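Below are two complexes that have chain A in common, paired first with chain B and then with chain C.
Up next, the complex of A and B:
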């Protein structure tokens, strides 16, 4: 019983720290729009990277579907709000839509391995983008959707968005931690190491993989909803941009794939580099960033966190 | 009494190749049966079919009185139909203890992780590798990894155990150690099917042999009778192998 209580200390601590940061940071940064934006981007990336890590890291299935559920969540929430529902209902709808789509989709494609799984997951992004563009009487098609939000005060929206996304990031990391320590994480790591042996060990691999994929997608959906509220205007080419799939993967790779805090560290490093490159090498910013990421992954193949804890197996 | 495992007309085709062709036999509880045959005879495919790793093209499988045709490996493992792999399949980044604990947790009915680790330690000790509990699989010898594979199988609390060449690659002394363990597992009422190439092992363990040849059942009977069967001698054993089998099991 004592050990069981101890297991909850760190996840709860993460949530408490998240709540403090979510409350304090918008006040501390109240008028510094640049830093507000940066902090919100970081929280968003941590959320997505940590959610991706459940499938790509813990389970070893490199999913590119993040952008699909991110975009779906953004649109689900935006459409609900257009019909007059509250933002909170929008978030709930985003989570439910992402979960309802990801469960059967995940169950179907998680029987594919490696590159085949990656390609299949990537297809969903294109499909949803096409559907959203085509279904214009609900989604506005290529014109996108405007969200009024918080009376239209841009600074208020920025602060609220930071609060929401920091809480979501903390939740995502705390959930990763709980999963990694429980039977689900244990089963997923067995699947990652050797799926045949996992099946023989009595592990219901299809079910566990689907659970991980569904949880991950639901988080991405809520993140999309938060993004829509933050930016105030969404269109298919923005929220279904494949970079929403790629950036979390890069962040997780930099920090440490399959570790709980790797995606957090990796997101921070990625964003700092991105900002530095962007500011100092405007014309060749993205290129320089790419080179830097390549070097980092080459020098620290397991990611920054595992490399620092050298010798210790994550 | 119904048989523990009953295979009826089991067939598996891969394209034009029939790897297992209309094989039927049954196993009673507590038996140690040798499944033999030359390379490519279909032994491992048959094990894959019986344990759900492959689905049969035709035929049915009954286990403990239930039809389990089409069931998946994890469902069968939980029912007590367990196998080891010819090429050992450890979880490379888990300690030996957690390798076994995974099976105890997901197939052996352990309530939680501490209980699973407790059961796992008992399994490791039973196989004489208790001191390796905290080692990672890459850091233990092949003989020890074979024992680890056996410990994992035991942790599932098997009713029926398929041992796919657990002795391949071991030296004579190591084989004797493994044989003693297999006998002690069988003494608890676990039915065991030994898939083997080594006549020494087959002779030492099995009263009954099932012989596969080109995917089909060639012979099924007492070890001595099978050893005298001209068809078996011609197809697989050769005269020297038959002579080695002529000794009755202890």
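Up next, the complex of A and C:
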């Protein structure tokens, strides 16, 4: 009983710290637009990286579907709000839509391995992007959607978005900690190390993989909804940008794939780099980011590659 | 449905498919031999297309220019593999994917900066009138481009099956360790294969540039074509890529008529996922050991 209680101390502590930061940070940064934006971006990236890590890290399936559920969540929430529902309903819809799509889709494609899985998951981004663009009487097509709340005080929106995303990030990390310590995390790590052996040991791999994928996607969906509320205007080429899939992966790679706090640290480091790139090299920003990512992947064998090899992602 | 329209749609699909075959073959070869999904492939196609476009502005026929542009981009591929990709060749899938994605960001952004995102189009290359078979009209340039795409792909197949180095590539694909024991220098074969893959991409780019508008924004679309046609044809099979490319071309052409052109990617992507789930070995149903 004592050990059981102890297991909950850290996740609860993360949530409490998250709540304190979510309450305090927007007040501390109340008028500093730039820092507010940076902090919100960080919270968003931590959320996505932790969520990706459930599938890409714990389970060892290199998913590129983050952008798909991120975009789906953004649109689900935006469309609901356009029909006059509250932002909270929007978030709930985002989570439900992402979960409802990801459960069957994940169940199907999680049978694939390595590159095949990566490509199938990446294809979902293209599909949703095109369907969203084509279904213009609901989604506004390529014109995008202006969220109803977007007309308000920009600083107030920035502060609320920071609050929401910090709490979401804390939730995402705490959940990942709980999962890593529980039966689900145990099963997932068995699958990562040797799926055939896990199956023969009686672990229901398809079910566990689908659960992890669904939880991860639902979090990405809510993150997308929060992003839509923050930015106030979404269009398919923004929210279904493949970079939403890639940035969480890079963040997790920097910090340590498959660890609970790696994605948090990695997000911070990545964002600092990205910020420096964008500020100094506007026209070649994406290219410079590419150079940076390539260098990170090539020259971090000490921190990144061995831990991955041990877990054998492919 | 009117049979004349159907015939025209099928022909359009095959004309498209010839180009798709050339895009997919190099991608499939690299994936099969190196076990690397080369996210750079789409941008290499675009690079070839721009090189052909600038050659055309100087009065050089893009179909002839492909003879020089292909090897030049192939050389670039050789360098990229030898000095960059080779460093992580044994790393997990995620690492090579992210690395080639990062290289793609660099190349694509460089092209966007240099060429802008505006679409450009060559005028008619040969100036020949369209070929008419019954009611079906076949534009001469597109026919030449499609045929050359398949010819280029088939030449690579011949190279793999007939030449000494080609056999070495196939040997590495079948069993890398044994090939090494037989004296094959696997690192060199990797670089050569990557070079051939990008050379084909460059040739495909020249052919596409000759008949379609081009822009750096298209690179993701070409990469998607490579994914789908490669999986349709069977991983690592060059002949399979021809079949996959033609099938994809026809499916896209039919799909855009039946469902609407705006859902072209969706049709292809759904096809890809279904193929992966039900026939991951490809339509030809065998591992791609040419």
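Observations
Throughout what follows, the second predicted complex is superposed on the first by the 277 of 314 C-alpha atoms of A that agree within 3 Å, B and C clash if a C-alpha of one lies under 4 Å from a C-alpha of the other, contacts with A are read in each partner's own complex, and residues count from 1 in each chain.
Methods note: a contact is a pair of C-beta atoms (placed from the backbone, for glycine too) under 8 Å apart; a residue touches a chain by one contact, two chains touch by 3 or more.
What you see is a predicted model; the values in this text were computed from it and never measured.
Applying the stated contact rule after C-alpha superposition, one finds that A:267 touches neither chain B nor chain C.
In the superposition on chain A, A:180 makes contact with neither chain B nor chain C. Applying the stated contact rule after C-alpha superposition, one finds that A:283 touches chain C and leaves chain B untouched.
Contacts of A:161 after superposition on the shared chain: neither chain B nor chain C is touched. Looking at the superposition, the partner that touches the larger set of chain A residues, chain B or chain C, turns out to be C. Of the two partner chains, neither chain B nor chain C is touched by A:214. Common to the chain B-facing and chain C-facing surfaces of chain A are residues 313. By the touch criterion given at the top, residues 51, 53, 72-74, 77-78, 82-83, 85, 89-94, 102-103, 105-108, 112-114, 136, 152, 156 of chain B touch chain A in their complex.
Interface residues of chain A, counted against chain B in their complex, comprise 3, 183, 186-187, 189-190, 193-194, 196-205, 313. Of all the residues in chain C, the ones that touch chain A in their complex are 31, 35, 37, 84, 87-88, 91-95, 97-99, 101-106, 108-110, 113, 220, 224, 227, 231, 260, 262-266, 269-270, 272-273, 276-277, 280.
Residues 56, 62, 64, 108-109, 111-112, 114-116, 118-120, 123-124, 126-127, 129-131, 133-134, 242, 246, 249-250, 253, 257, 283-287, 289-294, 297-298, 305, 308-309, 312-314 of chain A touch chain C in their complex.
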